[in-house]
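Letters are used for the chains, namely A, B and C, taken in the order the chains are written, and counting of residues starts over at 1 for each.
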């Protein structure tokens, strides 16, 4: 496995090279001129404009990278009514995406989304984008106080789910090839230096240190069963849900939430079908096909928690949470999923 | 003990007595949040929980948002702006004054962490302490991350309180609750003049009837000083051309993800079903396109006319940092200028849009 | 502006008219063979008090170049107060949208009684000409910038 390095000032060159084959997406401000958005400089992985990429201050983006694969709004097809009936025009195939600077937790979230989009059907919108994409990870040296990835088997320096992994070692980035895809990309990349022993040591020290910085913990042992037994405990869930305002922040900005709504828009004889994010936190969720089975707010809050920590483990044997902490730090009322889970663990009664 | 501490002590005592004497069924207040410098709403019936009630410069939420959803007699902790929201809800028949015990906090303003982050160059979780001492705010020691990005700054750092309060707190006209049963401290005076707006324009805003000169005067005075829209963008919005203004919003609303946090956090947005979710007829597509996002926000603001008390919660909640307060504030000022109306001042007054005067706004009719 | 570039462009004006007065005024203009610009498309409403700011904004969103709300003169509302309420709504809508960058000329209101065919013609003509001057509504068009 080749380990290379590149000076931070040369990142632009690197992206230019990669830009020949890929659409380059870097942490960006999406037109927001504000310095920080709840502690993050960046709102999303957006189109690289060719300028310098300074990730020194980079903390995780507000919008998770799912927005690059399952965008907030996506045109599924256009339709037109002509003399011979309806005709359909599918969207053009997009260029392969290269997500630069994705965090290990967010990279994991995509793997979790893969499970759902390959489960009962092969999603023709998500999968092509996902399969062709290259993820260039960045070791997360400054986790937030709301991060708890280590409790979910993810490390801020983890390389399990990325193709290449960068580590900030001062004036340079160490670049590790992780997957075959990453290896192929590296073979085509010029202008990299070999990393020295010293660089490698620096990087592994940095990773270790970052791991220690994630101080928030949750205990996932037997969580699934405890959630199962708490399911009918209306008192508990009502208490937990009391301060929730039922907005879509925690679900829309969750890297593993994938619910979407499909809508047609028709003007005169033509139109398009869209799919856009939907949220189980909304009282109108699934109202269109039938009724929302979760009429009360506490039921919707319970759904959000149980889906990630009970139903996902039942179906795929994995917790659908990466501990990225977005739902905690972005919540307008500081509703904290860790506290809820702790409450589940401590809840007295029908379990040992 | 500082004044927050004294108020907090009294609050716990009063709230306890209210529950004990069965005067209310529930208390709505604030407890410490799970992250540094945050608080979180505490809605409880249990007396033991009341030891967690806090008052500090981070009790940002407008708790009135919870009232329409709760039954029974409620004691609610309320800052100046919140109390006006409560009054506004009473005007709209969403709650009954008889069911409420309003525990008023004379509010010295809340600290906007985004401003602190901007001024210190450190993120919230990298600061150890933010303490308000009179007109100063002292920031204590950030985590020093040797060799990684952050240069050690000279901490502790002392900032002027007027540099770190929320914009709406700086512009607050009525920091002391308008209506209360218990007031936890001495009434405080308006901070308005500290907001960088001229006193003259403030007066003209309050006194103006109908349109006329005062508005022109205000526009003039606002245009003459560099003005930050919502503490985020330092742009002089009033000096923009019409096309530039529209372009500004077009760009801002491109970011909107339609999470509806602005609506759900707002005490005045109490509709059971929002127009934006109507499907027959479907006024707006649920897709987060800037056109729809912008229309949603425009109509929301029109629905808030005469209800919005400038608590600033919509803007604070927005995960995409859209300067929503620029819009709410304009509507707030508009209803003052056109109809001499201020939201949440008189619980017996009819809501703005259910009422009219024989002579008003005629110059807008051809 | 676009008006010069596209000589075929004609302003489209949406009229939201109260059936008790302005709609009658429009009718009378027609039966009296008075000429008014064909640019107006009329929606008959039970009262100007039925006007929801959403109608106005939606019309602009759909590409109408302007909206004219018209009801009975103050004090003459069939339902006593509908037009007063409409006045408040239209006033804040117009002013608020102006703040956001929409030309105030696009949102118009007028009191026209059933007998004022002349005033109807006058208002529609003026408003249409006003719209011609400010050009087509491109507010909600997608622009690549």
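Worth a mention:
The rule is short, and it goes like this: a residue touches a chain if its C-beta (ideal position, glycine included) is under 8 Å from a C-beta of that chain, and two chains touch if they have at least 3 such contacts.
Keep in mind the model is a prediction, meaning the values are calculated, not measured.
A comparison of C-alpha centroids places B closest to the centre of the full protein. Set against the Cα centre of chain A, the chain with the most distant centre is C. Averaging C-alpha coordinates per chain places the centre of chain A 31 Å away from that of chain B. Centre-to-centre spacing of chain A and chain C amounts to 47 Å, using the average Cα coordinate of each chain. Chain geometry summary: the mean Cα position of chain B and that of chain C are 35 Å apart.
Those residues of chain C whose C-beta lies close enough to touch chain B in the complex are 53-54, 57-58, 61, 74-75, 81, 84-85, 87-103, 108-111, 123, 126-127, 139-140, 143, 145. Chain contact summary for the complex, chain B toward chain C: residues 240, 242-250, 275, 283, 291, 294-295, 298-299, 301-302, 305, 327, 330-331, 334-335, 338-339, 352-354, 356-358, 360-362, 364-366. For chain B in complex with chain A, the residues that touch the partner chain are 33-36, 38-43, 61, 65-66, 69, 114, 117-118, 123-125, 145, 147-149, 232-233, 251-252, 254-255, 257-261, 263-265, 273, 277, 279, 285-289, 313, 316-317, 319-321. Residues of chain A touching chain B in their complex: 30-39, 43, 56-57, 59, 62-63, 72-73, 141-142, 144-146, 168, 170, 242-243, 245-249, 252-253, 261, 263, 265, 274, 276-279, 282, 284, 288, 297, 328-330, 332-336, 338-339.
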